[in-house]
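Next up: some structures, all given as structure tokens.
In what comes next, subunit A is part of two complexes: it sits with subunit B in the first one and with subunit C in the second one.
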Partner chain A sequence: MIRFEPRGPVPVSRVLSVLVAAAVAALLLAAIPMAFAGLSVFGAYGLMVKGAFGSMFAFTEMLTRATPLILTGLAAAVAFRAKLWNIGAEGQLYAGAMAAVAVGTGAFGGPSLFLIPLVILAGALAGGLVMLGPTLLKTRLGVDEVVTTLLLNFIILLFVQMMLEGPMKDPMGMGWPQSEPILDEAALPKLMARMRIHWGLIIALVASLGVYFMLKRTVWGFEIRAVGENAAAARHSGIPVTATFVRVGLISGALAGLAGVGEVAGLKGYLTADLSPGFGYSGIVVAMLAGLSPVGVIIAALFIASIFVGADSMSRATGVSNYLADLMVAMSLLCVLVAGLFLRFKIRLVGAPAAKETAK
Partner chain B sequence: MIEILDILLSANFWAAALRIATPLIFGVIGALICERAGVLNLGIEGIFTAGAMAGWMAVWLGAGLWGGVFVAACAGALFGLIHAILTVPLGLSQHVSGIGVTLFATSLSYFIYRTALPDVSSPPRIDAFQPLDIPVLSELPFIGPALFQQTPLTFLALFLVVATAYVLYRTPLGLAIRAVGDNPSAVESQGLSVYAIRIGTVVAGSAIMALGGAFLTMSAFDAFFFGMVNGRGWICIALTVFASWRPGKALIGALLFGAFDAFQVRLQTEVGSFIPGQIFLMMPYLFSIAALIVVARRADYPRALLVPYFRGQR
Partner chain C sequence: MTAPVQEAALALRLDGITKRFGALTANGDVSLDLRSGEILALLGENGAGKTTLMNILFGHYVADEGQVLVNSGNGSLTELEPGSPHAALEAGIGMVHQHFTLAENLSALDNILLGTQSLATLSTARAPARAKLEDLMARSGLTVSLDARISQLSVGEKQRVEILKALYRDARVLVLDEPTAVLTPQESETLFATLKTLADDGLGIIFISHKLAEVIASSHRVAVLRGGCKVADLPTASCDQRKLAELMVGHEIVETIRTEKEAGRSLFVLKRIFAGQGRDALQDVDLDLKSGEILGIAGVSGNGQTTFAKVISGLEPIVSGEMLLEDQPLTHVDARKMIDIGLARIPEDRHHDGIVGAMSVSENLAIESIRKPENQSFGLLRFAAIRERARSLIKAYDIRCQSEDSPARLLSGGNIQKIVLARTLETMPKVVLAAQPSRGLDVGATSDVHKRLLAARDRGAGVILISEDLDELMRLSDRIAVIHRGKLSEANPTEMLDRSTLGLRMAGHDGEEAA
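What follows is the complex of A and B.
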């Protein structure tokens, strides 16, 4: 029989080693589907590493892919800290992207110094407002936020499609359902010449440091952690639980909205209905891999981004479906969940070995 | 107004409502029994996809239709087992584990499908279930076409509603399932294993969910498409709350939902040129949220839902 004994506080080094072990376990498990698809496992991993790190271009592509993942990962991490289950980052990302398009394609003119902050604020606000609905439904009426945020993802994506076929459609878009391009003055500048990497990465890094300090050093952060530990106890000790949920919801939604701003105003330049290949859902994996730590999110996002970019490149070279990447990401989540047990519990085999122990 | 009555009184309308409701009946019944045992199963969306893919692929590889249904149920049971192990003895977050199972089951299904069929321009078709034409019954006016021209899987769904209600409320097993969802330590003190009951229930519930997916590829359509589940699993989770965890109300909820959906499709053909199609496509998700809001205040959640049980504590 296996017995779990609760464990006290764990040193950071142990947390890190367990999380790394989970990532490695996921990579090893991925060898099974690779072999199933007829790949040589070592060759495939070689191609993946080359695809994500093999050249300056590959490396910057990986960083570009990590940018929205850091932000959606933060969105999940901060919400999950308060046990507010925001599974709606995908929809909030699109809301942010739509807002960026609404204010950044010519509705306002002016210098970059005005337009770029405007686009960023609009996107963050839109994402936050989308999350406000499910949060209020939870705090006012007790409606489970998991289901409402999940369903909102579908509703918002349909809304995006509707806007792209209607009011937001680019008349010069040759009939394609895409928005007008973001003005040059409103676009996030590139970080390097001839590469796609853009200022969204800086925004993401600043955001994760910001969230880190908020959680660690501010009253809000303390309240968020207290509500997440035990909402009833927090309420008894006078912490404004409802206000904390609303705040966390707004922050979480805003972070996901920023991911949409980066994709539209930094990377693509216009909005399409396939802007995000599930960044919102992958953000949950990122947050869990990071142990819900805002700084850890950066590393976890780099890991997930290198799987995506590496697998894309490997898939182009070998013709194997790039659903392999999604599969590897899902396996990482399951592995890290199991690994989390080693942090919360001492796991020991009870029975024969335990008897030996007592004999000693 | 007359036109709306015309729609509501036509047998075809109710036949469509029941057809739309069928996968949801499987899904809600599956979700309901998992939750009755205290385990929220957000793996449902992925389990639907896995059931749809596995059932279809089994038939495509040469199995019979019922063989395909069996394979789908086994696939669902397998993913259910993963969720059960993670959440019951290991006591991990049911939310996160469920999302993990959904991501895993969905990506694995897509990967296997793409690997088996690397480049096909149109998805291959199978000979799907045909409506049961029961001689005399299907010629009854109104009820005949509405009820007796459905495929066998619809009848299986209706049978499962009755069977689930019977097991939950009339058997010792059902009592044990409901008890582990409300007061697990009381069950343990009766000498029953909370772990065994919860794991078994989640596995069975997941197998039933997968049948909803199988209905999509083996009855509603005859092929597998990416993204074909399209949030149906999440809708089932909402309907489970709406049905207050009762099989009979689950059937009514799914039928109401099917009727709404069938109605908006017909409305779309009438006024579709004035209103963008996406508005209609949003309706099912909006209905689900509305249904949740309606029952939110009086929802009577199983008391131990989401609460992991550790043997020997307390």
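What follows is the complex of A and C.
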């Protein structure tokens, strides 16, 4: 039989080594279905590594994919820190993208010099506002935000489709449901010539550091942590719990909105209803993998982006479905959650001599 | 109580137990015997290592050195597998924790059976279990309604479920960690009567307590821990309260005495307050707290104290009535506003309302004043200042912790209370609301709290002291009011009251004549 015994504080080196072990275990587990699919496991992993890191192009593609994941991961991490369960990053991402297109196509005029900051601001604001509703419903009426944020995703996506068939439809789009392209002055500059990697990555990295700094060093961060860890004590100590939830909701929604800005203004240039292959939901996985740490989110997003990009390229080369990527991501999450168990508990086999070790 | 069981079999032996947490030695080479039928009281200051020792016994922690030996029923002592609560249960050790471990939305019966048989079994399969429990209840006097949900039970009833849970598994040793901290005096008496019956039946009992009177009255033997080491192990008959107190803290305790003092003018006034709902609602409460006085509020818990404290803490809106501080009406209050106008509140449930366990000691010391300029500038935390202040408070209030950066949840119960005391009393408040401030504190810390409350009063603050401990109330309060069924009696000078009058009023008698 197996027994669990709680551990005290764990050194950082232990945490890191357990996490690496979890990643390796996930890859080993994912090797089983790969073998079933008739692939040579080493060959397939080799192709994946090549697909994500094999060339400058591959590497920048991976970073481009990581960009929205960092932002949606942050959105989830910061909200979850306050125990505000924002499952709606997907919808907030689309809201941000829509706002970015609305401003970026020059619909509201204005000097082109300020267009990029305006696009960024509009996207963040739209994402934040979308999260405001569920937050207020939670704090005022006690409505479960898991339900409201999740359902809002579908509402927003349908709204986007409606807009793309109607008012936002590109008249030059040859009937495709897509928006007008944003102006060149509104597009986020590329980071490298002939690559797709764009300034969104810089925004994402700055946002990570910003969230890290906020949680650690500011009064807001202090209040977010206090509310998340013990809302009753926070309220008793005079911390404005409702205001803190609203603030966290706005920040979280804004981060997800920025992910949408990056995708339209940095990458695609126009809005379609398939802008995001579930970045909002993957963000939750990223945040969990990162243990809700804002800096950890960067690493987790890079990890997941490598798997996605690597698997895409592997599946193109071998003809095996890239659903394998989803499988590997899910395995990683499970392995990391189990690893968390190892970090919090000592696990001993009962009956083994280990049980006697403390006897004199 | 005299020991009836000199020659009874050993039920349990702790042999040279040492437990370290980092640099801190929580238990240092502690050895302890317990005989069947014996009631052993375990004493020690806050943070002396009592809970840690019992957690090792029960397998929550593994000792770094030493072993636990139990009499497994056949008369000989065998080593208990370390680190396994399961093995401890098998070996007949039952534990009632400082904080209950019941599933709130299951019935009492389900909670008792949890872990012994599948909850999915048909109710017919439970008939034997039910019969066994009925029999146990009849013999021990521990009556609870087995089908009630835990969330509907009072604290005392929950504790009975915990004890029954241990007895149901045929415990031969029962450990209770501060069982009376949350009980009313009446409930405590019932508990000790039960424990005595159980001990006469051959159960070995260890209980932890800071209340020396009940230790003297209800134990056969006393073991005292100081700084993690056992410093005394004596028959209770040879001890008195003063001696025990000295053994615990290493020096004599001088209780501060309240000096007569003319109360000042009206400071904090409640007029015809109605608030809350249900059993704990306030009905037409009037109160006139003068500056420079301690106003005691006596009452059996569950008579409106919780709502009363919440109203004054700014956490419960009043339905009707008026609240005035220094003749200024207080409207639209919340916790923040109450703190800002100089109301210090010491909550009754410190784990739930007092501290954020995952945050550090220094953060918990700053939490009420985190937006004050001394703790932040332009929204940025001033770490150095926060930690500096924490270090001085830790020293001034003798908070025992490894450092100001340790998570508050790692502190012992009493030291957590000291965090709350330190941060609230430090601000020189005008009004202090102290709900059960010495609950769970050792004698030294209790006398320290008393000293600080008296000091606040002497510098002109008004103190409202809610307590179930009549001795504490009578020693500290200038006036005492009684709360019963949400109604607060008029406050009478303590000199005019005695314990029996208060006891009657607390039970709801004699209210009319007193008013």
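Everything below uses one rule, namely that the second predicted complex is superposed on the first by the 334 of 360 C-alpha atoms of A that agree within 3 Å, B and C clash if a C-alpha of one lies under 4 Å from a C-alpha of the other, contacts with A are read in each partner's own complex, and residues count from 1 in each chain.
Here is the rule we go by: a contact is a pair of C-beta atoms (placed from the backbone, for glycine too) under 8 Å apart; a residue touches a chain by one contact, two chains touch by 3 or more.
Just so we're clear, the structure is a prediction, and the values are computed from it rather than from any experiment.
Chemist: What is the contact status of A:338 with respect to subunit B (first) and subunit C (second): first, second, both, or neither?
Modeler: After superposition on chain A, A:338 lies in contact with subunit B alone.
Chemist: Touch check for A:70: first (subunit B), second (subunit C), both, or neither?
Modeler: In the superposition, A:70 touches no partner, neither subunit B nor subunit C.
Chemist: Tell me which partner A:168 touches in the superposition: subunit B (first), subunit C (second), both or neither.
Modeler: Touch status of A:168: no partner.
Chemist: When the two structures are overlaid on chain A, which partner does A:203 contact: first (subunit B), second (subunit C), both, or neither?
Modeler: In the superposition, A:203 contacts neither subunit B nor subunit C.
Chemist: Report the partner of subunit A that touches more of its residues: subunit B or subunit C.
Modeler: Counting contacted residues of subunit A, the larger count belongs to B.
Chemist: Name the residues of subunit A shared by its contacts with subunit B and its contacts with subunit C.
Modeler: Common to the two interfaces on subunit A: nothing.
Chemist: Of all residues in subunit A, which touch subunit C in the complex?
Modeler: Residues 3, 5-6, 8, 217-223, 225-226, 229-230, 232-240, 346, 348, 350, 355, 358-360 of subunit A touch subunit C in their complex.
Chemist: Subunit A touches which residues of subunit B in the complex?
Modeler: Listed in rising order, the residues are 42, 82, 86, 89-93, 95-97, 99-101, 103-104, 106-108, 110-112, 114-115, 118, 230-231, 234-235, 237-238, 241, 276, 278-279, 281-282, 285-286, 288-289, 292-293, 296-297, 299, 310.
Chemist: Would you tell me which residues of subunit C are touching subunit A in their complex?
Modeler: 16, 21-22, 60-67, 79, 81-84, 86, 313, 315, 334-336, 338-340, 345, 347, 352-359, 363, 367-368, 370-371, 375-376, 379-381, 383
Chemist: Considering only the defined contacts, which subunit A positions touch subunit B in the complex?
Modeler: Those in contact with subunit B are residues 2, 4, 33, 36-37, 80, 85, 87, 137, 141-144, 146-148, 150-155, 158-159, 161-162, 165-166, 281, 284-285, 288, 319-321, 323-324, 326-327, 329-331, 333-334, 337-338, 340-341.
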